[in-house]
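In this document, chain identifiers A, B, C and D correspond to the written order of the chains, with residue numbering beginning at 1 in each.
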Amino acid sequence: MYKKGLYTITSNMPLTETIYKMVLQGDTSYISASGQFVEIELPNKFLRRPFSVCDYDDNSITLIYKVVGEGTQLMSQLKIGTTLDLLTGLGNGFDINIDTKQPLLIGGGVGIPPLYNLAKQLIKKGLQTTVALGFNCAEELFFVKEFKEIGCKVVVATIDGSVGTKGYVTDAINQNGINCDYFFACGPLPMLKALCNHFTIEGQISMEERMGCGFGACMGCSIQTKNGAKRVCKEGTVFLKSELDL
Amino acid sequence: MKNEPLNLSVNLCRLQMDNPIVPASGTFGYGNEFKEFYDINILGSFVFKGTTKEPRFGNPTPRIADCTDGMINSVGLQNPGIDAVINHELPQLKTFFHKPVIANISGFSIDEYVYCCAKIDKEPQVGIIEVNVSCPNVKHGGMSFGTTPEAAAEVTRAVKAVTTKPVFIKLSPNVADIVAIAKACEEAGADGICLINTLLGMRIDINTQKPVIANVMGGFSGPAIFPVALRMVYQVSQACQIPIMGCGGVASARDVIEMMIAGATAVQVGSMNLKNPYICKEIIEQLPIEMQQLGIQSLSEIIGIAQKK
Amino acid sequence: MKNEPLNLSVNLCRLQMDNPIVPASGTFGYGNEFKEFYDINILGSFVFKGTTKEPRFGNPTPRIADCTDGMINSVGLQNPGIDAVINHELPQLKTFFHKPVIANISGFSIDEYVYCCAKIDKEPQVGIIEVNVSCPNVKHGGMSFGTTPEAAAEVTRAVKAVTTKPVFIKLSPNVADIVAIAKACEEAGADGICLINTLLGMRIDINTQKPVIANVMGGFSGPAIFPVALRMVYQVSQACQIPIMGCGGVASARDVIEMMIAGATAVQVGSMNLKNPYICKEIIEQLPIEMQQLGIQSLSEIIGIAQKK
Amino acid sequence: MYKKGLYTITSNMPLTETIYKMVLQGDTSYISASGQFVEIELPNKFLRRPFSVCDYDDNSITLIYKVVGEGTQLMSQLKIGTTLDLLTGLGNGFDINIDTKQPLLIGGGVGIPPLYNLAKQLIKKGLQTTVALGFNCAEELFFVKEFKEIGCKVVVATIDGSVGTKGYVTDAINQNGINCDYFFACGPLPMLKALCNHFTIEGQISMEERMGCGFGACMGCSIQTKNGAKRVCKEGTVFLKSELDL
């Protein structure tokens, strides 16, 4: 079920030069799973902008966003106390009722945020949870500490080698000899493709597409899967690796 | 103002509607998504997603772009095909929507239009058939039929020959003379005209220096296009006798009233459903308030009244 | 990014301009009003108000209406006539504007276009002649010449025969196939194309139930029409070799860059001058900042670059 | 000379059910005459809205406006502290360097506001100033007291006769036997026409037209006068009676 509501910004601050963290206060009762997303209405923008829920509790939502265009630029300038109109409860989210003992969470760039609440949930289930994070360089690192603090093992890859393994997140997984029996991933398409090639095990992959509505009405966000056309916003954003055709 | 209750109902061909508000094709799916937001039985009716003979995935992604007070889509008629609509969507719809629905049919040939319209005509829940001759997204598709009076008339005649329900032809605004095309449809037997489909538009991502839409161009819709839609509704309503469904940029109860004064019997709301899923509900609730303020007792009184002034 | 200074200059036919920013005809008068706000010599150039053979009052008032992110005008080519422009406006302009200006000429017959263009061609300060075959406000006026390839070509040929300066033909967007018309102009000898004039639009006052504009319909312009203008610039720039002045809804330095990537050599700013008289100055100041961010060294590099991607 | 600038609302309150008074703080140095107007940019409206300056001092502008559409509706809801973008110094304003001993100021409805500062100026010049105001009914009365307080003689007409003379403002002038040697007027077109017929003396009339720019660029606001086409915003808004062809 979806919910449209007003939310108040209680915090909005940079984590890196281009990546910001925003905390919003309001009704979170329609958020039913980690990995769901919200659609934010921004002043003077026609379409809402989609962002993954990084974390949430009874009355707050945490988002992490990168400034890439006019909308996110505008978001970065919003002051505490500003009210925003959000659709919440969008997307299926990650399914954690699966058979795994050693899950691996793999995130690249702004694909990392939705993994945070997921990691919390998995740790709460008592699972030994590893997180592999990919960045471009040391300056762009964020949330490494946060994942560690909730009890995850964290490995990092940077393209320029300035932190962790030099190269891609798959390189970090290899180099650190990570064992896992299931994976969850979100990030840029090339990373997701590499993962599909890398792993024989099953996993859940959160996809991105440019969206019109975010709740299944416009068919803007469709992708072809092995089971036919699927709307990323509705049948996804999370798909089984075995279902995808990347 | 008399103390009678305000009357929002309108009669669209043989369809008596509680109010003139009709979500537009392609922005309301087959109704499923919106029933999670509100009881869609409050609507006058709704137009379901453009349907073709075969299932279609549509165009490559990205197929959505944002604009100043509008958007561009090049979905390209993604739909499960007429058989799946009849066998799967309509039976499901019946369970939560208890009014006649408007079927939107697209095609790549006269035969396809005929095939689909004949099939959908047999569906009891379909109250009106809307024939889209205007979608600009499909190569050799709708566009060609909607840009000349002859082609539009040909589709109309062919479809009318195989249907019993009122047929509305939905026209493209990307023409020099909308009146000529609408008149050709009327003469060919159309029961009504729907104005307008999307304008052909484009955006470029200045970072990548490439078109935002994979298909380069797409259909431009939303509040930005309202003055063009209103103008065409006014022009066609002056020239034709058959009823008009106004569509294009409608975002408020005041816009609905303006469209009706220009000549629309019913008013479709498209892109705004994507921005605000509650928009049609909000408009239906706001309409009586605006009517009260404007001294309008019955909405059907104001249809085309600008012509008479 | 290299450490060379950013280069904003563009070459439009024989006109070397400091930057591509050109206020559009009808929104900048003959320059007088804006010199009170800023030194208009910072502009690339500007296009003066559409000028006809005889003085014209234009259409009855009200002739302005407000729209979502745009406006409608039916000024109807009010101007003092070509002789007053030459004897009064241009001598005055010379005192405060020291660059070539672009002359906008309208007409009700081929003879009138020829008469005015031949006269204005002799004015030393006129750098380019822009022939408006698209104004939708004048009955039997510009509109007819801009809606068929044949008529547009005829005007072009006639004007080119009596002029020595580069001639741009300014086209109407209210057509099904802008490319055919642009190509006809190119083949008839046009030196460039200006895209676009206003869309035909309308608003109704829901209180009086009458059209807001006395003349019922008018020209719709402003940020709302940007995606249509951009699309036409892109289409024509793919099909023609001659340079394009992009126009329609431009409101920011980013819009200017988007228009240029689509294929415009210079970019006109119209309605936004009325809302914010400083808009062109602000855009010229913002351009280097955006170029820096986007890694653009020279604006002329990006003209039509979307075609190559 | 014109000036575009930011102004802060320091007061915004109803005088009647539909008429509001707004005071704005900011640079008034470009206002050079009574009867000039400002153009206000409103959120989500493309065109600016024109309003006569009712009064002004070194750093504040008073406007009086009637709620007639979406723009003025929006204005009526603006809170103290809101910042608005204004063009000031627009229009020629009234010319007070004229030969008059007994000026009469005539205003109808929202044509009344620009006469207030004018009355102040005339009184400052020591002139015996009468003001004739026309309204629909008692409920719509405003600024009668204010004109009296600055020393004007005030006569009132209401269409329904609920206050003052029943009828038009010309009826009030007749009934009160007002003597005058010059007039200044602003109001609805039928009133202005009636005045032109009523008076043989010269006067100054402030005109209204729907405007695009307000500063002479768009030709949206032109009227035909005895001296040819004139832009209301630029050659006006104030014209000599003898020049007009009403």
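Here is the rule we go by: a residue touches a chain if its C-beta (ideal position, glycine included) is under 8 Å from a C-beta of that chain, and two chains touch if they have at least 3 such contacts.
These numbers were taken from a predicted model, which means no experiment stands behind them.
Engineer: With chain centres defined as C-alpha means, what is the inter-centre distance between chain B and chain C in Å?
Structural biologist: So the centre of chain B lies 34 Å away from the centre of chain C.
Engineer: Between chain C and chain D, what distance separates the C-alpha centroids? Give it in angstrom.
Structural biologist: Here chain C and chain D have centroids separated by 36 Å.
Engineer: Could you give the separation in Å between the centres of chain A and chain D, each centre being the mean of its C-alpha atoms?
Structural biologist: Computed value for the inter-centroid distance: 59 Å.
Engineer: So which stretches of chain B touch two or more other chains?
Structural biologist: In chain B, 67-70, 207, 223, 254 touch at least two other chains.
Engineer: Quick check of your reading of the touch definition: is the inter-chain graph here a line, ring, star, complete or other?
Structural biologist: Its topology is that of a line.
Engineer: Touching pairs of chains, all of them, please.
Structural biologist: A-B, B-C, C-D
Engineer: Under the definition above, what is the set of chain C residues touching chain D in their complex?
Structural biologist: 26-29, 32-34, 36-37, 49, 57-58, 61-71, 73, 75, 78-79, 207, 222-223, 271, 273-278
Engineer: Under the stated contact criterion, what part of chain B meets chain C in this complex?
Structural biologist: 67-70, 72, 147, 174-176, 199-204, 206-211, 216-217, 220, 223-228, 230-231, 234, 249, 251, 254, 257-258, 261-262, 290, 294, 302, 305-306, 309
Engineer: So in the complex, the part of chain A that touches chain B is made up of which residues?
Structural biologist: 1-2, 4, 41, 44-48, 69, 71, 87, 209-213, 215-224, 229, 234
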